[in-house]
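Got some structures for you, see below.
Note that chain A is present in both complexes that follow, paired respectively with chain B and with chain C.
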Partner chain A sequence: MAEPIEPDLSRREFLGVLGASAALAAGCSRPDRGEIVPFDKRPAGARPGNADLYASAFQEGLSAYGVLVKTREGRPIHVQGNDKHPSCAGKTSLRAMADIMGLYDPGRLRRPLVKGRPASWDQARGRLLSDLLGARAERRPVLLMTNALLSPTRRALVAALGKALPGLKHAVREPACGGAEAAALKACYGDARRPRLRLDRAKVMLALEVELLSGDRPEEIKGFAANRGEGSMSRLYAFEAGMSLTGANADHRVPWKPSRAAALGFALARALHQSGRPLPAGVADSVLAGFDLEALAKEQGADPALLRALAEDLKRAGSSALVVAGPALPPQAHAAAFLLNTMLGAEGSTVDASISPPAEELAGDEESSRFLLEAAQGRFAAAVFWGVNPAYAFPDAALWDSSAAAIPLKARIGRTLDETARACDIVLPEHHWLESWNDFEPSSDLLLLQQPAVAPLYDTRQGDDVLLDLLRGLGGGAPLDYRSYLMERWRREVQPASSLLPFERFWSSALHDGALRREAASRPPRRLDGAAVTKLARQTGAPAASGFELILSPGANVFDGRYADNGWLQELPDPVTKLSWGNAVCVSPADAVRLGLADGDIVELSAGGVEVELPAVVQPGQAPGTLGAALGYGRRAGSVAAGVGVNLFPMLAGSGAAGLLLPDTELQKTGCRTALPFIQRHHKMEGRDIARSITLAKSRQPRLTHSKDLATLYPPRKFPKHKWAMAVDLSLCTGCQACAVSCQSENNVPVVGAERVLEGREMHWLRVDRYYEGPAENPKVLLQPMMCQQCDDAPCETVCPVAATNHSDEGLNQMAYNRCVGTRYCANNCPYKVRRFNFFEYNAQTPESRRLAFNPEVTVRPRGVMEKCTFCVQRIQEAKAAARSAGRALRDGDIEPACAAACPAGAIVFGDLKDPASRVSRLAARGRGYRVLEELGVKPSVTYLADLSNPAGDRDAS
Partner chain B sequence: MPATASRKDFLKGLAGLWAGLGALAGGAVIGWKDVFSSRRQPAPRRLKPPPHSVKRDG
Partner chain C sequence: MDRIAELLWQRLRDPAVRLVLAASAAAALAVVCLVGWSAQPDRFSRGFAPAQPIPFSHRLHAGSLAIPCQHCHSGADRSRSAGVPSLEICMGCHKVTRIKSPPIRKLASLYESGGSLAWKRVHSLPGHVFFDHRPHVSAGIACQTCHGPVQDMAVLRQDMSLRMSHCLSCHRDPKAALPAGSAIARGPENCYACHR
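Let's turn to the complex of A and B:
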């Protein structure tokens, strides 16, 4: 029998060893990265849990906007318009809101690079400065290529640098802006200042191939909306090749070839002259003899009666008329618009050049080519590319390559390692605009101040600081930093001599407001040069080319490609085609039938020897014989942008076209196909009155569109204190989608990518639906923002097996995310298709730096959970708390959801239906108010006000 | 000697446990490497308010 084993390790010892091992194992495992750090040393003024607002400014292209930046615990999380910006009044460009993503872009450069290797600022600066000193000693020129400056202080800095470095050649490039308008302004007025368009004063508008109502034109949208109600109704005529938002909102839209826009303008001028309007001095009436409305109508397949009505309307409106030609049109069309405005007396009324700031001298493709040709010949000792991205956006890639190879030292000031940075020897990482100082002059009576909303995240510098540093190195006396330089200039030139305030208080007050109104120096009214108009009119003729007319325009969201690395803007669809994640060429339905094309067919475009392949979209309303496509896609660099869409800038090379119009483009079907990520896949209402439109005359009939209350088995709901509701005026909404971007930013809405969009899994809480009615050749377009309708008898609530979605006693259809088990019954039962299911851990896949943009007031939803619009419940709660703290009741207007706050037209109104005096109550009771699919009896809380149109000949219309 | 053999077995088990712990630690190191690699850039840790800016007071 074996001896019993004497355990030499007691149970207690064994457990001790096991416990120690477990503790050791726990110690060696990956620690939780989430940190909770007490705010023991609170920065002065910081209030944990409260948002701070900073007024600042945003510039893109030739425009600048005032913004308010909302920060939480030091993190900028949301951008909205600055209420102190007089013409935009609290609204801003959708890209200003979306570019908060740029601040947290994980692809941002974090330190300088020299020859592709990390370097210190001293090394990078030393290398660049020694080459600039060498260039000055050898009297060799240096190229500085930038975007439009728009800042008077930045202009002064570049001028000072030019003095310290006499060989400096400065080229300003805005590749998607075109140069035809500036050329026409210079020819006809001797000055390229762009006038301010006063749509708020316009009663009759004629838009020639121009987008006036997109999300980057808040001032124009606001002005347009001022005259689109029962009280005051304007009339908009749009003549255009492709369907734009301007055309979609027009009372009369006519598909029209862009090459014939100038002829239309001159024919209208002739008709006005024949009806008694005098021609400006110097314009020979004989030059208009060849332009005839009837003949043009016949040529373009338009209704001659409509053209006559347009001429009559313009004449009747007189100084309240406005004619605008688009940037893609040749100078002749702009001259025709100038002539019409002058004849009608609109100059000084709806066209206001009195406060336009000096125009930027833009280097077009021709001038830029000259610079690059000189560079290729080895003329430049060095080149600095600041902001611009010629390696992507310069049309002639071969010329860029040869010039880049011949420049001994190329420096890049930029935020990311983009195409141009990759071609440069020195890369200097730049601040984001939310980390920068500057001023902008959108009009000569207004200065906007840009100030940082956060200290620099990385080891970057503001581009202006880099130039200032170089200026000091070159011996030009300058302060140590750009903020001081800016302040000095403001002390010297901006603070009025009569101001009694100490400068520090004046400065502080200007920073607080973000905008400074000042007296503009009076300028004599500009005078139209009749001889120049006559000359341009003589150059206007029918095009001899037989190919398609292709219009290239900046991407509605990604602009000229500088925002292509922004997932929000890539996923936000084109407002008309509803295509996300890429570009396509729009073809008319008639041409599609003729060529056997369908959506997604790959076609080859060729113009001037350049061939490009991209998918086609059959676009209702596109004029036959014309094509349209967006620039800004097909980037080769960028974690989001690379490989999305097709770069169409090369099409501009060698086409010989002025501006962005390519008059002789060939299109061939390749036989290949691709799937296109459309956000909206069905375009008709199939006989249902989802988005309603009525004429102004019909709107005067009482309660035309309200349907009867339906009988219901549900007991009536009681709302003891508040009943939150929304009203959306479709007559004011232009479909710009600023609301959608604002919602995405406010509510931590994830980006899902093109593949998921193809599966219909986009996550937008708010979308803008676009419907076509009528013939595909020229349909009526209806636009409708669609969000959760917060139904009182919500069909989603009754089917949820776990009661994750339920109704609040304030009328909100609310979600308990951690109760949701993801059955998706609610989405299936929602008639509005506004519920979004989080199929993957979209937010967990968000790069860490981008998560800093999350709004801490809104839950970041995990996988397997249904989500939807909450009417920005966090803002409701915040307003309630603020009112409670102030010891008062909530007032109408205290609560503004993100969409309503962003809407430049003021089309979205939020409020309490329990308050009969609230704006939303009054709007909900309006005659053209209706609820979408109210026949289902779900009792939505969103009232839509039917779109109003004001066609010529409408009985009773103004 | 059964008692000694038992201690041996126990030490063997403990060595196995340590090896497992080593593997865990290795995994943690790789994880940290992943965090610091360029493929997955960490977020900026300290966000400071801008020193010279002026806040809007509501």
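Let's turn to the complex of A and C:
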């Protein structure tokens, strides 16, 4: 966040400095040019000036991704996916890319604290260890609260610690993940392993209140994109309360109350059963008798024909169908989804549990409450909070306070002085994951290795190393550091006995790849417990409550608040509401009219005796009678996070066991208003064909673009060697915004803060536009990544008085920052609003540590300069230079701009139009290719491929 | 009018006025010269030859001993920066060569203690210029084209201005810099070739 800089030189001082520098210039001294410090011994392969890629792994919540970390001169500057992680194939979560900011966060702890005072590691460790030894001697329990471990080695370490300290109680908390799905899995399959969703195999998908296509699900997006082209087209039905990206990309989206999702599932099961699909053993058909599609359609105001078509589609798709229920839904809805998948034969096909790793026991709010209640009664001698932030994210704040007061010694392992660290006696600063060693098991046939890409920046230690150290102090034999511990376990348990390689070779090859494919022990297919499904179906009824149904979901960008301190993720808007810097409650248009609400009205939500005030947003497509809001905001600590948005975790205290769905919430207007920092303020295309969408049947008709050349006053441009161009397939794009994060990281794009976003001065070089078409009750949503279109006859170039922006003979609209005098004529004349003006010294104000994240291949722009997307010209030049020094010609695919490299759907393709065989040439010639605002005659270099939809009943489709 | 001219003429006979006038003229000339000299384009670039922590002589190594440039600056054809050799490269020879001389002893002690040797940078480009050695070296352009006759310099100095006009004149007509028979007719003149 940058504030406008007041000139810190008065006129007199300025003249003084001017005089002094003139005197200096007249003197004989020459300015020093700095120093060059070479390596003592250059490590093999390390070459100053060249980027190195290290394979590593990133974990968040219940997922882990293989990543490649790009480093320059030893410092990580960019994160991208690792193609050795097969299911993600070179793509990763947008938060993996953004969390490089966490490494350079100026708010990171640099040394241990004991009672708030800086201390040495020996002091902090000694204090903690003596208390643990005391607890062991007195046989008093000790609480260890962590996030999901996900790492087999880390799990082994915690187990070993549990042996050395028999009173250790380990609670795993993922506060925003909800426990309903795990509970349903456990009840119906006897095992909470989460199956992998094979969207790539699915022809007909039913998404019940679930976000499958957001930027933290690269695997699902990739699978979805596999079947969204002319060649192979799936059909997605989404039934949901709020508008999600899944709903936005669905062929049929139906606003649906979450409390009725289970009923819909069971009604579909009944319809399938009636048309001849057998019920699994143990499910009595009588239990389904009460669920009727027609009645449900009437109740929810949906089209009964559509529900019938859905049942028909599911039946026809059989094992290529997929039904998914969302984490906010109650176990009944999950059971209905399991039942449908089993009846359709999707189990084992689109729902693949065969290689799921063992699930971790998550402590839900109830179980955590029990622990904290025991703590409040003084049962625990000590507690270690590692990663989790219960002082912020635990719903019952009073219970947390009383238990925190009753635990004699609280230790914190974490990166910043956050809410929990402030409440703890000992604070042990932790490495960032880019400084750490670990392994993760995303599926039982794959192990990911995490390795440091940089030496620790501060006097911190890896959390695992702290536990290992405690383990040694408690008398458990263990190696000196976690890396050795990890290697030892790999030597013992991971390297196959049949492998003839020496372990060092095996290890270094796994480390190089960052991933190890393994033979997965085959497990018998899981069996659905019919009796459990029957029991849950019996519990499914119409809700009695009269209030709103509120769904709380992890923030699309900030997750459960652990990334709230990240400026990139705060400024990246919510993919649907396009609200940045904070959260709001989404209200349906009908309810907004009824209650007299408009965007920015502060409302009071109350459920179960908890009241919270936050702004409202009128969300087109929101089901009447439902509300939606994001968790993860309203942090009290953090240089960026503090005070942004509203903390909704307390609402969960009122929900009881229902998890993230609050079935009976009251909403009241307070009369206050606030201005909301939306990144997009207008939501309609106003009759212009900016983002196009056609049905599959229509796509078989001839080309839909303007084909005739418009008259122009300019001579035709010649491109002797290359003509760089881009194609964006809107049918593949899900609007996840991974491209925008990757662009921000690659191109040193500054963060401007909420106040400037309100003035429309955000600086994103690439944004994803979202348009609504049709009735506000349930509009069609169009999503479109928008970056500089690199027009051949660019209107910005002709108005620049100093020729700072002009055209290259490779088709790029160049921007020479050093020539720019900041008239902003170009931005005024740009039809796409992709030029961004740097109003303040955002970069000069960047804290020293954050500057280390700058990409040295891109100018760090000063104030008063216009900037915009360059098609990542630094990557073009790099690829050209690399090809030339390798003595070969440039090949199609050598150049990948940051956005294209990050896109999990592969929707963005870059290449040379002069090469008729290049992918981009072929895409640009496709029938559904068009250029945005082509009628202006500016000849953009970006071809968009119209979105394809595949609605039921679309003639001659599928 | 005549009256005024007469008055001025009388004033000019005053020696004090003459002195002041002459001094002003001299001062004005001095200011013009000073400003002109200090504002000359290559004022800070050409001839810059800072003292180095070790008096390394390119004249000896590149000239008399004729060690190829890329033996030490091995990044020139593989990286954007040619790079300064690691101490290990120096010690490759100086483990046995001239080990008694004080600068070599300094080098050896730095190397053995794991200390770092901070050379003074001689050639530098502004932050908005992105120069890449690779295409220039692989085109066969001699290092001396931009770095001057390094093999004759006992103390390395910047010989060329390295200003944009210097770059562009060669990009527009690279014949003199390229080896005979090179297929390259021109270098790129796009802004994005060097600025981004």
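Here, the second predicted complex is superposed on the first by the 908 of 958 C-alpha atoms of A that agree within 3 Å, B and C clash if a C-alpha of one lies under 4 Å from a C-alpha of the other, contacts with A are read in each partner's own complex, and residues count from 1 in each chain.
The definition used in the following text is that a residue touches a chain if its C-beta (ideal position, glycine included) is under 8 Å from a C-beta of that chain, and two chains touch if they have at least 3 such contacts.
Not measured: the values here are computed from a predicted model.
Contacts of A:T674 after superposition on the shared chain: neither chain B nor chain C is touched.
Within the superposed three-chain model, A:L53 lies in touch with chain B and out of touch with chain C [touch as defined at top]. Once the two complexes are overlaid on the shared chain, A:Q874 sits against chain C while remaining clear of chain B. In the superposed model, A:E810 makes contact with chain C only, not with chain B. Judged by the touch definition given at the top, the superposed model places A:T823 against neither chain B nor chain C. Touch criterion met: A:G74 reaches chain B, while chain C stays clear of it. Touched by chain B in one complex and by chain C in the other are residues 25, 30, 33 of chain A.
Against chain C, the residues of chain A that register as touching in their complex are 22, 25-26, 30-42, 47-50, 806, 808-810, 812, 814-818, 857-860, 870, 873-874, 876-877, 880-882, 884-885, 887.
Chain A contributes residues 2-3, 5-9, 17, 21, 24-25, 28-30, 33, 43, 45-46, 52-55, 68, 71, 73-75, 104, 106, 435, 451-455, 457-458, 483, 508, 511-512, 514, 847-849, 851-852 to its touches with chain B in the complex. Contacts from chain B toward chain A in the complex involve residues 2-3, 6-7, 10, 14, 17-18, 20-21, 24-25, 27-28, 31-32, 35, 40-44, 47-58. In the complex of the two chains, the chain C residues touching chain A come out as 34, 38, 43-44, 48, 50, 75, 77-81, 83-88, 110-111, 114-122, 124, 127-128, 130, 132, 134-135, 137-138, 188, 190-193, 195-196.
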